[in-house]
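Per-chain residue numbering starts at 1, and chain names A, B, C and D are given in the order in which the chains are listed.
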């Protein structure tokens, strides 16, 4: 009999549980303070005191993780009494999560700050997943960011309108082992020649990998005459005319690639692995300081150097945003503001943790900060700031990117 | 088949201890012994399922074949009756058609003609055991090893199967090494009986020898022979020295040979020369009916005796005083 | 079977196939740079390991969370699984096959689909503690293993002992505790081992049910798996592996203790 | 008086009967929690996903009308069917190969004495490793610049890493197969080992007494009896391999397009409006697995109908 009572109680629990699931539980979650976007900075700072802020970000780099956990978090605690917790998650994953929460009308989520850009930002903004324009609230944004420049106003051609704050800038560079080759190619056509002379020693990650996709865009940039048109609104006819040229170049290269182009690395990680093991002589990445970083940690050979194409390489900014249902928007604002401070940005530039270019405008920095900046050692494989900024090309619209990725699979990958 | 000084050890324990035994062609040899005495181990050793630690097995005709049947039928559950019977032929590489034919024919002698396509779980226990026997017999073994094959069947089925197997054996002429603990089973078919204790053969003989002259009290006890007493006790009852060799110091008498003497009736003196006898008195402790009459447990002083009566008409009463006549010539003597 | 030497060779190859990949894993975790064709790297470092156990590495947090979830999942499996396995093994009823197939469905149907659908449940279950809601998803994945293992043992056991005990007046609980459970121990251990290990290695269900906020070990590790940092990934993999090895050893030890106890009792 | 006793006896009998009935009913009750749990979460989840793949509010087709099955219509092209074939093929290959190797290994282990116990532990090692890490582990050893290639170089078998056979990212999915084998052979061993052990102890003597060699016993007795379990285990492997993306995503060559990888790409890379396609792909996989399963169950039922009973 005892047993049946036990089973009964389980059943009752389960039924309660089921009914709880089907009933609306909106009263479970408290709606967030919508006034936050109208309150003043001091009020925000006061409200943030003693709270905890959840930072959702890609977590695959120990340097970046250490920067957040070991450098930013203790200082945020000390200065603003805000606790910072980092959650490693890919951008597509947390956007998906946010999307589902939005559909279910969930008014209080778990995420306070997101690290996003490009396609993900576009979806988030279009679907109303973001809190709203907040950048003008941030003192550091107002004081140090060049608010009028294109790479602050547009993210992959999509207007930002204050929905996200720039955290850093990166530029696409190629890396090579100078002990194995001396004159790195300076354009796609030179690359093609080099590849033919050195079969099997070059490859790129297969799109839709982020880096591989960027490499394909360089081919587009090299092949098309009106690259500028791709920066504007999506026009299928435009890309339909141009894409064959892109596939042609890539397919010409294909037989001379690593593994004769029968297979590509599935991710930038695998390409780096090939480079580290010495299977290929070149790698690439959307981070100009990454090679220096890896030399420092001992993963890349000491003789690794980077280069950009004569016509330039892609550059973009990455951003911080606040989801519409952030449980602690005050804390989020405080964190973002702190991450945009010259102090935090200069530390980020240091190779000690990350080594990435600031999102702040150098002109707006104080003289003292400028001095600090000049003294920062960005590593022997990192190109000079001038050389980088003189060889920058902007990113094209997110739809074109997707179109190229899918096109590559159909026209190059599957062949 | 001859076993010569066979020893079988399992995990350092000697289960069979330098055992020697010959089984003649066409003979039914019944092996009896308490559980744990190594009967099954010996069978497995002969069948080659266990390797001999030492000693050897030899056959009259060079290499002999054996068939082994266990207490449980152990039919392959995924094969039909026919396929089960044909299994051994399949092992020998007989072609499908040929072995179906052979197995089909064999089914007749097993009296299972119509059950060839059934699966084991669709058969009764007796049928299953018959298939199991047939599965071993179709290979024409020189020696059939049976490990209490009918132990789990009911008495009448058991008797049927025993007589069926006996006839089959006489017809086909193979020899059988038959492990059983049923004495009646042993008596009804055995040409010879062997008693095994703790891995050693204690006594071999034809059934009457075994019962009339058990080699030791242990064997007598194992055979549950009734009314076993020491020579001393007998002498007490007969009140004289019994003319017996020194070595035979115990005797038993079958309960049928004890005769109850009525108070009224006089001792029979019909001219037939009476042998040596003794009369002891006691009272009835227990009454147990059997097929012929009653089996009585009699208490006489400190000893108990078992006596059988013939006929059912007179029901003995408990606590009734009674006299029993013991004929000296009916006592079988053995040594302790 | 095949001839002995061939048999041993094949098993040897299989053993090496399974075992050898762990060796470079260990080496990689102690080096940053190890180009072809070096059999052993030239420079050794414990940087990856220090990172693992730093604030950023979150090794302890991950292990702790993983084990809390696995323990709750195991508890759920016991509560749900044993009665179900018992009922399935001891009763015949209409639709039994259907019930059984539903319980085992996650084994036979790729459960990605169900996990996608659970996204919504995850939100509804928001009021539950993260540990509990994650454990629910883990129970879903592990229950079939548990039910199947326990069911098998119940089948082997049959109902006879039960009937005997019930005639002797034992009630259901006593039957279970005194008769069935001791006999269930081997399969209970195997089932629990499977549940713990499978739960321990889940990524997607944990991610979806907790919204990525419950940092179990896979959630800590997976972001690195695509980072190309062999040294860190290798160190994490070994860290991941250590508790499994421990569980495996505990499982075999418990099994041995149980066996010894049984053989003693039977003697 | 005797009458009263009789009545009491009847009552007792009635009570006992009721208790027995109640007991069996109570026994059945034990399934309910687990069943409801599965129905609610697994079947419910699957059903929900199915709904998502059919009627998606995201998609307003170009013609402006709601097209319920658009995601499935999108899938109706040769390229997708080819991918289905590849996925099913690799899953079947993995299932059958690991089934056979696992069976042989389990038999080997079951016939060996306690001295070989450590082999057991080794064979259980991969079970707890997630597929993602397993893929990673195998890449590290099997790639052309991997550890085995270094060993080959060390022994002088190869001079350049290009001479090492292409086992990872290869055209035929050898790498995928190897990685899955690494995971699934131990799984099959774990699954069928206890059965094999029991079957061998049950049948070895009997079969040997009939003259059969061990290999004949395995082929004619043990495997047929084990068949339902063994095939069931292979089905589990098949279903899992069919739906998992980690290993092909990491190890397969770019031209080797399996559905789970494509679905994962659709789900995570190509924007939210294409997610129903990803779900639809997974639905197709689930349906295939279900069909294969139904076929297997049907075959087994047929087997039973003909009168066999094994377990």
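Going forward, a contact is a pair of C-beta atoms (placed from the backbone, for glycine too) under 8 Å apart; a residue touches a chain by one contact, two chains touch by 3 or more.
Treat the numbers as computed from the prediction; the structure is a model and nothing was measured.
Contact with chain A and chain C alike is made by D. Looking at contact counts per chain pair, the maximum sits at C-D. Taking the mean Cα position of each chain as its centre, B sits at the greatest distance from chain A.
Chain centres here are Cα means. That of chain A falls 89 Å from that of chain B. Chain B and chain D have Cα centroids separated by 54 Å.
Chain centres here are Cα averages; for chain C and chain D they lie 15 Å apart.
In whole angstrom, the spacing between the mean C-alpha positions of chain A and chain D is 37. The set of chain A residues touching two or more other chains comprises 3, 7, 10, 90, 93, 270, 273, 277-279.
For chain D, the set of residues touching two or more other chains reads 26, 29-30, 33, 37, 145-146, 161. Chain C has residues 35-36, 79, 83, 120-121, 172, 230 in contact with two or more other chains. Of all possible chain pairs, the ones that touch are A-C, A-D, B-D, C-D. Of all residues in chain C, those touching chain D in their complex are 1-2, 7, 10-11, 14-15, 17-25, 28, 35-39, 79-84, 86-88, 90-91, 93, 99, 101-103, 105-118, 120-121, 136-137, 139-140, 143, 147, 152, 155-156, 166, 172, 190, 194, 197, 200-203, 218, 221-222, 225, 230, 233-234, 237, 240-241, 244-245, 247-249, 252.
Within the complex formed with chain A, the chain D residues making contact are 26, 29-30, 32-33, 36-37, 40, 79, 139, 143-146, 161-162, 166, 169-171, 249-250, 252-257, 265, 267-272, 275. For chain D in complex with chain C, the residues that touch the partner chain are 23-24, 26-31, 33-35, 37-39, 41-50, 52, 101, 104-105, 107-108, 117, 119-130, 132-133, 136-138, 140-141, 145-151, 153-154, 161, 181-182, 185-186, 190, 194, 198, 214-215, 218, 235-236, 239-240, 242-244, 260, 263, 279, 282-283, 285-286, 289-290, 293, 297, 311. Only residues 3-4, 7, 10-11, 14, 18, 90, 92-93, 95-96, 99, 119, 123, 127, 200, 206, 208, 259, 262-266, 270, 273-274, 277-279, 402, 405-406, 410, 413-415 of chain A touch chain D when the two sit together in their complex.
Partner chain A is touched in their complex by these residues of chain C: 32-36, 43, 45, 47, 51, 54-56, 79, 83, 119-127, 171-173, 176, 207, 211-213, 215, 219-220, 223-224, 226-232.
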